[in-house]
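Shown next, in structure tokens, is the structure this report addresses.
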Amino acid sequence: MKPRLPAALLAGLCLVLLLVAALVAPEHLPDKAPDLKWAGPADVPPFGADDGGRSLLHYATQGARVVAVPSIVAGMVVAAFATLGGVLRAMGVGWFDRVLQAGGEVVGALPRMVVILVVALVTPDEWRGLLPLAVTWALLSAPGAMDEAAAVAERLGGARFVEALRAHGYSASRVYLYHIVALNLRPVVVRQAAEVMMQVVFLEIGLSYIAEEENQTDFTHPANLKSWANLLKLGYASLVVDVPSGHALGLGLGLIGVVAVMGLALGRAVRSR
Amino acid sequence: MTQGPVVSVRGLHKTFIQSGPWPWSPRREVHAVQGVDFDVAPGEVVALVGQSGSGKTTVSRIVLGLEEPTRGEIWLNGSRWDGLPESQRRGRRVDYQYVPQDAMGALDPQQTALEHVEETLSVLGGLTRVEAREKGGDMLARLGLGKRLRALPREMSGGEQRRVTLARVLALEPRLVVADEPTSGLDPDRRESVLEALIGNLPSHAGCILVTHDMAEARGWCDRILAMLAGRVIEEVDLKHAEPRHPYARVLFDPWSAPVPRGPLASVGCPFLHDCGLASEGLRGRCASTVPVLAPQDDPRHSVACFAHAGASAAGGGSR
Amino acid sequence: MTALVELRDLCIRAPERALVDGVDVTVMPGRVTALVGPSGAGKSLTARAVMCVLDVAPGLERGELRYPALDPHTDWYEGVRGAGVRAQQALLRRSRSLRGAYLTYSPQAASSALNPGRTIGHQLALAIGRRAEAPTDLSGEIRRILDQVGLAHTASAALPRELSGGMAQRAALAIAVAPKPRLVIADEPETGLDPVLRRAVIELLVDVCRDEGAGLLLISHHASTVRRIADDVVRLRGPDGEEGGA
């Protein structure tokens, strides 16, 4: 356990930061303050201001609100499917397993981005947002996650493992919930969930950036909220033209970094022995 | 303080239905066990010996309730066991333990050796965590794993993994241990030590059923051997007092003593008919039509299912 | 009669100790040499050394290896003694043509000898292809070999996982003898088999070798086997100097 504790703490810290940021995000950006245009972090702590003099902190918190719930929900959806896949393999229900595998192969063959874009375009206005896209992404990732979990269950010994422990006298719930899920499936399930969470965040940033570039309405969030993609867009200008928005770029990349660290730390925290 | 047998098996039959590759393919009936009766007394070690397909593993699994018999009765310490729902069996499993053939497949790769036995003792043995850890450590040390308490299964050799499964079972001080080929896959040097670990650490009043395909190995450790062929017991003998007499049992005992059986097994009459050197002209008719039943020899504890050895005055009639 | 292989004074070292020290192995055509000893005595290591497979560091310290029936003069360990891993790898490459043709190796688990993705017939065809003279009727030859090891002709179309333990062992044996090697090295072919099957496989191995005039180097743990079929016995000592095993 010992080497895993720091990783768990780190992951927990990042997750808490994300959730707190989402909670404190304002509904709307404040009014513009032109004299603070492109102010640096020294003048407008903690992260500086945008071209309208508004603190970049609001971008960070609003962006967090956009991704927080959908990414967590997507992670949980994948975790549920992966757990199901592993448990079913351990139960040794032959035909059902095969049906699930076949279905999984079909789903796995679908081109993900195309499906996401189709869902984004087809969703009626009142349902629009990142959540349906995140759930779709999670469903598309589910077959792969189930396969990995099933492989872990297979390596355990599958139905033989269950039989030996039940013959020993352990209850079915102890065998499945404790031994199979908690001890053995946990690493792969949590890692898959963390991966999908990261992917949803990156998906959101990617889609928002494209929408901004093309001057489209955003698929992933209502107009009153800013996405982290906006930080990247603002910051990009500092690379190609002489606009002092480097601090926006730094913040954008830093936030992506926090998400990546959280995902990796989560994976390490539950690593198998 | 039950004085009766730990295990009592009566009229055991098990038929498996094997379906073909297609839903419409004809289904085959496999008669894995065709009428087996035996008892295991407290403190007795009985070996079930036979090649693969003899039914020995099926019998041992039925005794523990891992399979249900098609016909027959299983009594454990005087209570009927077959047909009981699992909910009623679970609580009693502490007393009737199984050592599976695949040790690695019975261990949790995420638990150390000590954690395995600790869990057994705290969940099934009713001890507190502290007591369980101490007693578990003692048990593992007794089986030679004192320095491997914190090892994970993948860090252990085959013999060590085997001994962890033994420790887990023996720590519960069960009344019956059924061990399914506990030495399979181990080097000959290690096999002795595993059998010693198992049988040497059995509680004194525990019965043990040892399933094995090596009769010579069973010899040193068992009070009684039941040799099986084609789902039936063809000989019951105490190797400390007598040698096997059934021609197939003799081959199991010393494969170099007679020509290798070529098979196939006969489906009518004595299954060993085609390979048997004892079926003289006079007996052949009987051997080909009737399945021999176990008949006691000079020693009532020694029975042989062979017409050439029928009768208490087993003068070994048969061809020369 | 010329020996098929002569190994003198083999000494292989690992960093802490000598794994094999002072072992001599000779195998004559049509005869069985048994290699016995407890676990850890270096039997498999010696068998691999006979095939010029040296895969330990620092490795070969002493020893001479000749295949008199092939070439009476060459000492294959020339330049490898004390020369380290690179020289051993070079030896491995130089001797590649020997393995699978002059001598064949049947590993401990039949499953390691069989390619799980190819039918038995295909693998036999590949093995037959290693012969000095290709047979005129390949499928007929495959059937002949299957008969020799007691497998039904239908086994030719089977994948290894469709075979039972005993059948897989026979298939591995068939592949080991298909190239008509001069020497067969069988590493514990009895592993995992019950006593009756053990005898059947050993008898088969010995019969086939004798029929083809090949020599057999057999590693076995079982005293009864060695007693019955070995013409010569090489005993290796365990790491603590103990004998035993057979």
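As written, the chain order gives the labels A, B and C, with residue 1 at the start of each chain.
The rule is short, and it goes like this: a residue touches a chain if its C-beta (ideal position, glycine included) is under 8 Å from a C-beta of that chain, and two chains touch if they have at least 3 such contacts.
Note that the structure is predicted; figures quoted are calculated from it, not measured.
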**OP:** Would you identify the groups of chains that remain joined by contact if subunit B were left out?
**Re:** A | C
Original post:
Taking each chain's centre as the average of its Cα atoms, which is closest to the average over all protein Cα atoms shown?
Top reply: B
Original post:
Using C-alpha centroids, which chain lies at the maximum separation from subunit C?
Top reply: A
**OP:** Provide the C-alpha centroid distance between subunit A and subunit B, rounded to the nearest whole angstrom.
**Re:** 53
Original post:
If you average the CA atoms of subunit B and of subunit C, how far apart do the two points sit, in angstrom?
Top reply: 35
Original post:
So how far apart, in whole Å, are subunit A and subunit C when each is placed at the average of its C-alpha atoms?
Top reply: 55
Subject >> Residues of subunit B defined as touching subunit A within the complex >> reply: 64, 66, 90, 93-94, 97-98, 100, 102, 104-106, 108-111, 120, 123-124, 152, 168-169, 172
Original post:
In the complex of these two chains, what residues of subunit C are touching subunit B?
Top reply: 38-39, 164-165, 191-192, 194-200, 203, 221-222, 224, 228, 244-245
Original post:
Mind pulling up the subunit A residues that touch subunit B in the complex?
Top reply: 155-157, 160-161, 163-165, 167-171, 174, 179, 183-184, 272-273
Original post:
Which of the residues in subunit B end up touching subunit C in this complex?
Top reply: 51-52, 184-185, 187-190, 213-216, 251-252, 254-256, 260-261
